[in-house]
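What follows is chain A paired twice: with chain B in the first complex and chain C in the second.
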Partner chain A sequence: MSGALVRLEGAAIGYGRRPLLQGLDLAVGPGEFLAVVGPNGGGKTTLLRTLLGAHAPVAGRVVRREGLRVGYVPQREHVDTIWPFTAGEVTLMGRVPVLGPWRRPRRADREEARRALSRVGVEHLAEKRFGELSGGQRQRTLIARALVADPELLALDEPTSGMDPAAELGLMDLLRELQRNGALTIVMVSHRLEAVANYARALAFVDKDRRLFRVGSLDEMLRPDALGALYGRAVAVREEAGRRLVYPLSSNGEEVLP
Partner chain B sequence: MSALQEFLAAREIWQVPLAASVVAGALLGALGVYVVLRRTVFVSAALTQLSTLGLVATLLAEERFHIETEHASEQLLVAITFSVVGALVLGALRSRRLPAEATVGTAWVVSSALVVLGASRLVHAAHDLGGMVFGNAVAVPASDLAVIAGVAVLCTVVHQLFAKELAFTSFDAETAQAVGMRVQVWDSVLFLTIGLAIPVTARALGALPVFAFLTLPAAGALLLGARFRVAFPLAAALGVVAAAGGYVLSWIWELPTGATMVALAAFLAAPAALRRLAR
Partner chain C sequence: MQWTGLTLSIGMAVAAGLVGCFALMRRMALASDAMSHVALPGIGLALVFHFHPVLGGLAALFAGTLLVWGLERQTRSSTETVIGVVFSLALALGSMLATGDELVDALLGAPGTLGGWELALGLAGAAAVVAFVLTQRNRLVITLVSADIARTSGIRVARLELLFLLAFALTVALGLRYLGVLLMGSLVIIPAATAKHLARTLDQMFAISVGVAVTSTLAGELLASRLHRATGPVIISIAAGMFLVALVVRRGR
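And then the complex of A and B:
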């Protein structure tokens, strides 16, 4: 894809010199919503961080469009809540790479932070301590921090991890809305296919233990052969009330509720 | 004449050491906010030991190998080198195969053992070393005060100029790196200031108070519920009160200066800790 924001070309991802997965080709184009799905410890985060340039590939190339603005939302559990920052201060941090050294945040930057909090529906929590927020509120604050840099590409690592179903749906709805209204490109990592099957437009299945790396459109990837490669067993996909539900089948052919 | 009147009458003796203690208390108290929040308290302990090891090395070099290091500036330079190199290495540690704590603990215990071994080989300077380790802020030369003040100004300028970068990369290194910030550079800047502050203040106050001032005032300020930006001046103020109050009390009650400062710093942090426990 010539207009890709970021592209892996024959890349091997991993730490140090040890590759987890090799020969990866992937292009993320503007306006895409790509979900990277696979088991925990399967190499999804490494793939995401390699795409962003935070990890160098062990082999091959990562090509990013020059000047690409990136927003990143880490796993919520990775952000230490003992730091006495307010939600507003955490959001304002998103302006740091934009401002560069020497320049201090000004009123306009604070206004941007307030707008970003408003976009994700937690403006009223600006003065509340980050560590005192609920998991969902914290996640929205971290998304606001990513948005405040006006990114073209928003990368999220397990944003719905540990959330109850209602909060998970709320967050996924928010991401879809941001992607549609803000012309954002989204790449998100999730170990739960069920969480992203109704939102992403493209899927990448990643599992280093099975040496699995497969990318395609949602329709291509929700076929039995692709899902079988991910789960290592037969999988049924049903559509109920306009939503796709993915059921891995147990060894005796019974559906396992997602 | 009361003890307090005697103290006031001896102003010429204590004004420089007291000023050095106050500046050191403020500097270490403020830097301690990062030390505590980054959960690197043990790094500061290891750096304090490394700095002491540098001093032992200079004293040994002089006594055993007749290498001239009797000038305070030479001793300080070696202590700074040990501390800064240690700070850059230990501050950059990220958990891979071993937890970072294991490496920091190793640095602390090995440098502590080497200090004891080195000190056991000292003949003439053994007494001086006691003051360096446990604190002897009673006699601080004006030159040491100037160095401490210079380092305090440098650290303040660096932390003012790069406050947002140091805060972001310390709070969430993963995101900072993902959005293109050079986390290792900013970590180095932060630990350079800490690694610089430790040896210059340890010469005046001793290793024990330095470690205490890097921990207790910041812990007290944070337990009081101070927000991030407020925690720095509050921790600095607690450091100043503990340093100055400890100095005066140790003079009046004829107690060891460093230990009195540490006890007062702990006393000042105690109400905040109790308040938090009571919640």
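And then the complex of A and C:
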């Protein structure tokens, strides 16, 4: 795809010299909402880190548009919560690439951080310690941190992991709103297809154990053959009240509730 | 105590208070203490070849830091593991090279009288550490929060970590003369640990840590001369006392 923000060209991803997956081609264009789905330990995070340049490919190329502004939201379990950071301070960290080493945050930077917290609906938590926030509030704070640098590409690693269904829906609604209203490109990793099936426009299925890497539009990927490759069993897709529901089928053909 | 010694010990305490916050956040509490022992072989060599022990200690600390950083990157082992190995080797070499009273002085410190060049070099070292921490504070914090966030923000994480370890080594070298190899690691960690219990924000943590380090150093020096005791152990005892008070204050909140 020409004009892509980031592109993998025949890339092999992995650690050391051992590739987890090879021959990967992927292009993420402006305004895309791509969800990378697969089982835990299947190579999704490695793929995301390679796309973002946090990890070098074992082989092949990763091409990022020059000057691309990336906002990265790591798995919140990887963020230490025992240190005395307030939610406002965590958000302000997003301004560091703009500030450089010498300039201290000014009022305008703090105002940007406040606006970012407000965009994700947690402005009132600015003075609260990050470690005292709920999982959903921490996730929103980390998204605010990523947004405060005005990114073109927002990359999230398992943002709904460990959330209850209501919080998960709330966060996915927020991401869709940010993508539509903020003209953001979103790449999101999730081990739950059900969580992203109604939000993403494109899906990438990744599983190193099955040597699976498949990318396509939502309609292409929610077909039985693609889903069968991901789950290793028959899968039914139903539409109820305008939402797509994905049901893996048990060996006797019964639906397994997501 | 001479004003030169006082000035240098305040500089050392400020550097220790700031660096300690990041060492604690990097979960280097025990490793910090072990790291200071890496100075021993350098002090031993300095005594054998008759040059200034602190310069020998500083050279060994820098060499040890590069070794720790290199091994950490090559073997993907944790900082604690690598420092543990380098520390044991340094302690063995140091014990072979320095003996008797010299070894006791190296371990516990022996302030003595400071020369002009020693003061200038010490203050320059303290200023370099403080300038590094203050200018790189935000980048260091992001790297601690998430190395991947740092990398995607354009921060060169490996280089920053090396610079931090060198700043840490320089801070330890600044305190070798006063506190010795055994106790300097404690002045890096105890004030930061005290601050962590009391602070609600990062700025508060830095301020409290520096305050505890400077107060315990000054009070320790004053008390040690009155009690006719070695300076280092008195300084660390006062710092540890402040840590215990912080625990009680925290429980009372």
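Here are some notes:
Definition applied: the second predicted complex is superposed on the first by the 258 of 258 C-alpha atoms of A that agree within 3 Å, B and C clash if a C-alpha of one lies under 4 Å from a C-alpha of the other, contacts with A are read in each partner's own complex, and residues count from 1 in each chain.
Basically, contacts are C-beta pairs under 8 Å (C-beta built on N, C-alpha and C of every residue); 3 or more make two chains touch, one makes a residue touch a chain.
Worth saying up front: this structure is predicted, and the values here are computed from it rather than measured.
When both complexes are superposed on chain A, chain B and chain C end up clashing with one another. With both structures placed on the common chain, the touch criterion links A:Ala54 to chain B and to chain C.
By the touch criterion defined above, A:Gly228 reaches neither chain B nor chain C. Once chain A of one complex is fitted onto chain A of the other, the partner contacts of A:Gly131 are absent, as it touches neither chain B nor chain C. By the touch criterion stated above, A:Thr86 is placed in contact with chain B and with chain C alike. Shared interface residues of chain A (contacting chain B in one complex, chain C in the other): 49, 52-54, 70, 72, 74, 78-80, 83-86, 89-90, 93, 96-97, 99, 101-102, 145, 149, 155. By the touch criterion stated above, chain B contacts chain A in their complex at residues 37, 39, 161-162, 164-165, 167-168, 171-172, 174-181, 222, 225-228, 231.
The touching residues of chain C, counted against chain A in their complex, run 25, 135-136, 138-139, 141-142, 144-149, 151-155, 196, 199-202, 204-205.
Chain A meets chain B in the complex at residues 49, 52-54, 70-74, 78-80, 82-86, 89-90, 93, 96-97, 99, 101-102, 104-105, 142, 145-146, 149, 155.
The touching residues of chain A, when paired with chain C in their complex, are 49, 52-54, 70, 72, 74, 78-80, 83-86, 89-90, 93, 96-97, 99, 101-102, 129, 145, 149, 155.
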